[in-house]
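Both complexes below contain chain A, partnered by chain B and then by chain C.
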Partner chain A sequence: MAHSGINVLFEGRNLIRLFGGLWTTVEIAGVALILGLLLGIVLGVLRTFPNRLLRLVLRLYLEFFRITPTVVLLFLFYYILPRQLGVNLPANQMAMLAFALWTSAEMSDIVRGALISVPKHQRESGMAIGLNRWQLYRYVLIPQAVSLELPATVNLVTRVIKTTSVLMLISVMDVINVGQQVVEANNQKFPTGVFWVYGMIFVMYFAIDYPLSWWAKRLDKKRLERANG
Partner chain B sequence: MSSWQIIQQSLPLFEKGFVLTLWLSFIGIIGSIIVGLICSLLKYFRVPILSKIAVIYVEVSRNTPLLVQLFFLYYAFPVLGFKLNAELCGIVGLIFLGGSYMAEGFSGGFDGVSKTQVETGKAIGLSQLQLARYVVFPQGLILSVPALAANMIFLIKETSIFTVIAIPEMTNTALDLIGMYYRSNEYLLMLVIGYALILIPLSLILTILEKRVRYGSFGN
Partner chain C sequence: MAKQIIKVEHLEKYYQKDHILHDINFSIDQGEVVALLGPSGSGKSTLIRCLNGLEAYQKGTITFNGKQVEPTEKYWQQVRQKIGMVFQSYDLFPNLTVLDNILLGPVKVQHQSPKVAQASAEKLLDQVGLRDYEKAYPRQLSGGQKQRIAIVRALALKPELMLFDEVTASLDPEMVRGVLNIISKLAQDANMTMIVVTHEMNFAQQIADRVLFLEDGRILEQTKGDQFFKQPQTDRARAFLESMAF
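On to the complex of A and B.
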C-alpha cells in the first residue's frame, strides 16, 4: 500500500524530534545573540573613541569576520580551538562562541554607524553642559542611536537565525541534522517523505524569521517617516 | 611533510575550487540582479497579480536559509520528478536567494528617492512612465548601489554553503583535503586567504564605486 509522504511527520516521534532539533537551533542562536549583541555594543562604542590603535584593531576584527564565510568560520573554531589552543568544548558551545563573536563584529558596525549619525550638535551640546564621556554616551548618544540602529539589529538577528543552518556541518544535532536522520530512517516506508520533512524545516525557519523581518521593515519605515517628515 | 610542501602540493586543487567559486558567484550575482530588478519593477509599477507573487517570493526567499533551499532543490525535488545536477542546483538556489536580496536593494533605492522629487515630477505633468524613467530610476538606482554591493559580497560568501551538496568549490575542496590528510591548519589558512583574495579587492572596488556614484545623487 502506498503511503502518503506527509504521514512521515506523524510517524512515531518524528515531529517531536524535529521540534527538539529546532530547540537546539534556537538555543544556540539565542545564546550567541545575547552574548554577541552585548559585546557588539561595547565594541561599537569603543570604535567611536578617538584612540587610533584601538579603532584599527577593532576595524581589523570586523573585517576578518566580514570576509570569512560563516561555514569557514565554524570550521576554524572547530579545528583550531582544540588542536592549537587545547580548548575542548562540545560542538554546541563552540558554535555559540563562533556565532557570538561573528555577531559582535557585525553589531559593532551597526552601533558605530548609529552613534556617528547622531547629529553633531547633540554631542557638542552635551559637552557644553559639562557631561563627562560616560554621561554623554549614557544620556545623549546611546538613547538616540538605539532608534536608529534597531531595524538593522533586528535584521542581524534574522540573519544569525538563518545562518544557524550551517551548524549541521559540524555535527550539531540541529533541526536539519535531525531532519536528515528522519529522512534516512523512513526512506523505505515513505519515499516522498524527504519532501515533507525538508518542507517542514523550511516552514519552521520561515515562521521564526518572517515576523522578525516584518517588524524590522515596519521599524525602518517609521524611522524614515520621522526623518523625512 | 612541511607545511610549505603541503600548501604547494594542494595549490592546483585549490585553484580549481577558487575558479569554480568565482564562476558560480558570478553567474549567481548576474542572475540575482536580473531577478531582483524584475521583481522590484513589478512591485514599483504595482502590476496586478504579478506584483503580489513577487512580494511572496521575496518574503519566502529572504526568510529561509540557503542551505535549506538547496536541500529542498537537491534532495526533495527529485522525488517530484525534477532532477538537477549539483552545480545547477547551486546556481538556481543562489539566484533564488539572491533575487530577493537584490529586489529589496532596488526597491529600497526607489523608495529612497525624496518625496519632493516625485511630487515635482507630477506637478510638471510627467506621466507615470516618464516619472519612473527620468526621476525615480536614475536617482533610485544610485541610492541602491550600497545595498547591491553588500549583497554581492554576501552571495559570494554564501557559495561556501554549496559544500553541503558536494559542489567542488573552494570550501568543499578544503574540507575534502582536511578529511583526507588531517592537515587542518594549512588548508584552512589557504581557504581564508582564498576568500580574502576575492573579497578584499572586490570590496575596495565597490567602496570606490559607491563614492563615485554619490556625486550623481541629487536633492538629498
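On to the complex of A and C.
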C-alpha cells in the first residue's frame, strides 16, 4: 500500500505544488478574463457603430484571434513579440495579455450579436424621447443585451479557463507544468503516479469548469423560457 | 392667428431607388388635430417618421416652431424632446419599470429634478388610470396598458406635437376604446397638437380638424375633417372611404 500511486500526491510538497500551480492558472485566467471581458464590451459596442472602417478593423481583430490556434498565439506572445517589439514582460504577464486579448475578441462578438438582436423599435423609441447615442446604449441597449449575452459569456469564461492548460507549453508554473515536474521527479518511486497526478489535475479543472458550464446551460434555458413565455 | 407648430415643404423621400414620398407640403397650427389617412403602403409611417428625424429625407425642409430643422442627429435630438411619438408595436423598455420608462426622458434628457418629474409622471399615470402599475415591468401589462404608458412616456417630455402611428392596430378589440379615449381627451382637454395615423374611421372623423389623404406617397387631399368624410374631393379618397366601410 505504501507505494500505491495515490501517495505521490502526499509525498513531500507535491500536493502544495499542484495547488500552487492551480493558483497561478486561476490568477492568469482571472486577470485575463476581467481585462478581456471589459475590453470586449467596449469593442462590441464599437462594432455596432455605423463607421465602416472601424467595423472592418475590429472584425479583422476578431478573425485573427479566432483563426490563430491558442498554442500559436502563446508562442507569438512569448517568443516572437518580445524579440520583434522589444516588449519584455514576465511569462505570467505575457500569458495574461495573450488571453485577455483573445477573450476581448470573442467577447466583442458576443456583445455585438446581443446588441444587434435588440429589436429596432427599442432603439427608435429611445431616440424618439431624445436620448443621445451614449444614453441609448447606457439605458436601453446594453441592459437588454446583457441578459441575452449572459449564457454565452459564461461559456466563454469556461473555455478560457480550460484553455489555460496549454500554458504548460511555455514556462509558466501552471498546474500541468507542475504536474509534469511532479511526475518526472517521482517516476522511480511511484510508477503509477502519472495517473494520479493527471487525475488530480482533471478533478481540479472539472471542479472549476463544470459548475460554470452547468450555470451557462441553466441561464440559457431560463432565457428561452422567458422569451417564449 | 394661431402659432404654426410644424411646416413641411417639398419633402421627397427615397429608399435607394424607390421614390416613397413626392413633394409633400403641409403645415399644422397649434392645437390642430390632423388625421393622416391612406391605404396601407401609401407612406403614412414613412412621412410621420420623417417628422421627428427617424427617417432621413433627400429633399425639402421641415420647419419646427418657426426654425428650419438642420438635418443632423444633434439637431434632431433637440427637436425630438418637443415631439412625442407612439408607435404601433409596444415599445416600452422591458428592462425598466413603468415609472422608470416614463422618467428616462425628463430626467436624463431634459435634466428635470427626479422629484418634480416623478410627481408629474404620477399625475399623468392617474389620468390614464394606471397609477397602481408604476412599479410594474412592461411584461406584466396588457397591450392596451402598454400603449397607455407609451403615451404617458411621450407626454412626460411636455411635447408641443404628438405623432400617433396606428397605436391601436395591434390591440385586442376590447382595448382599443380605452386608448382612443385618451387620445381624444388629449385633443379636447389639453388642446394638444397632433398627427394621428389610424384605421379607425369613426375615431378619425370624431377627432380630426383636418384630414391629409395620402396615396402612393402623394398628398391627394387636404380637407376639413367633417367635409372629408361626407364629401371627399377625389375619387381615390371616396374609394378609400368605401373600402374602409365604416
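The rule is short, and it goes like this: the second predicted complex is superposed on the first by the 227 of 229 C-alpha atoms of A that agree within 3 Å, B and C clash if a C-alpha of one lies under 4 Å from a C-alpha of the other, contacts with A are read in each partner's own complex, and residues count from 1 in each chain.
What we mean here is this: a residue touches a chain if its C-beta (ideal position, glycine included) is under 8 Å from a C-beta of that chain, and two chains touch if they have at least 3 such contacts.
Just so it is clear, the model here is predicted, and its values are computed rather than measured.
Would chain B and chain C fit next to each other on chain A once aligned, or clash?
These partners fit in the superposed model.
Considering only touches as defined above, state whether A:Val160 meets chain B (first), chain C (second), both or neither.
A:Val160 contacts neither chain B nor chain C.
Could you say whether A:Gly130 touches chain B, chain C, both of them, or neither, answering first, second, both or neither?
second
In the superposed arrangement, which partner chain does A:Gln84 touch: chain B (first), chain C (second), both, or neither?
In the superposition, A:Gln84 contacts chain B only.
Look at A:Val183 in the shared chain and tell me whether it touches chain B only, chain C only, both, or neither; answer first, second, both or neither.
first
According to the stated criteria, A:Ser213 is in contact with first (chain B), second (chain C), both, or neither; which is it?
Only chain B is touched by A:Ser213; chain C is not.
Which one hits more chain A residues, chain B or chain C?
B
At the CA centre of chain A, how far apart in angle are the CA centres of chain B and chain C, to the nearest 10 degrees?
Taking the centre of chain A as apex, the angle works out to 100 degrees.
Kindly classify A:Ala29 by the partners it touches after superposition: chain B alone (first), chain C alone (second), both, or neither?
It touches nothing on chain B or chain C.
Looking at A:Pro143, would you say it contacts chain B, chain C, both, or neither? Reply first, second, both or neither.
After superposing on A, A:Pro143 lies in contact with chain C but is clear of chain B.
Quote the smallest CA-to-CA distance from chain B to chain C in the superposed model, rounded to whole Å.
20
How about chain A: which of its residues touch chain C in the complex?
Contact set of chain A toward chain C: 119, 121-122, 124-133, 135, 139-140, 143-144, 147.
Would you pull the chain A residues touching chain B in the complex into a rising list?
Listed in rising order, the residues of chain A that touch chain B are 5, 66-72, 75-76, 79-80, 83-84, 158, 162-166, 168-169, 176, 183, 191-192, 194-195, 198-199, 201-202, 205-206, 209-210, 213, 224, 228.
What residues of chain B sit close enough to touch chain A in their complex?
59-60, 62-69, 71-72, 75-76, 79-80, 111, 114-115, 153, 157-161, 163-164, 171, 174-175, 178, 184-185, 188, 191-192, 195-196, 199-200, 203
Using the touch definition up top, name the residues of chain C that touch chain A in the complex.
Checking each residue of chain C against chain A gives 52-54, 73, 77-78, 80-81, 83-85, 87, 89, 91-96, 104-105, 108-110, 150, 153-154, 157.
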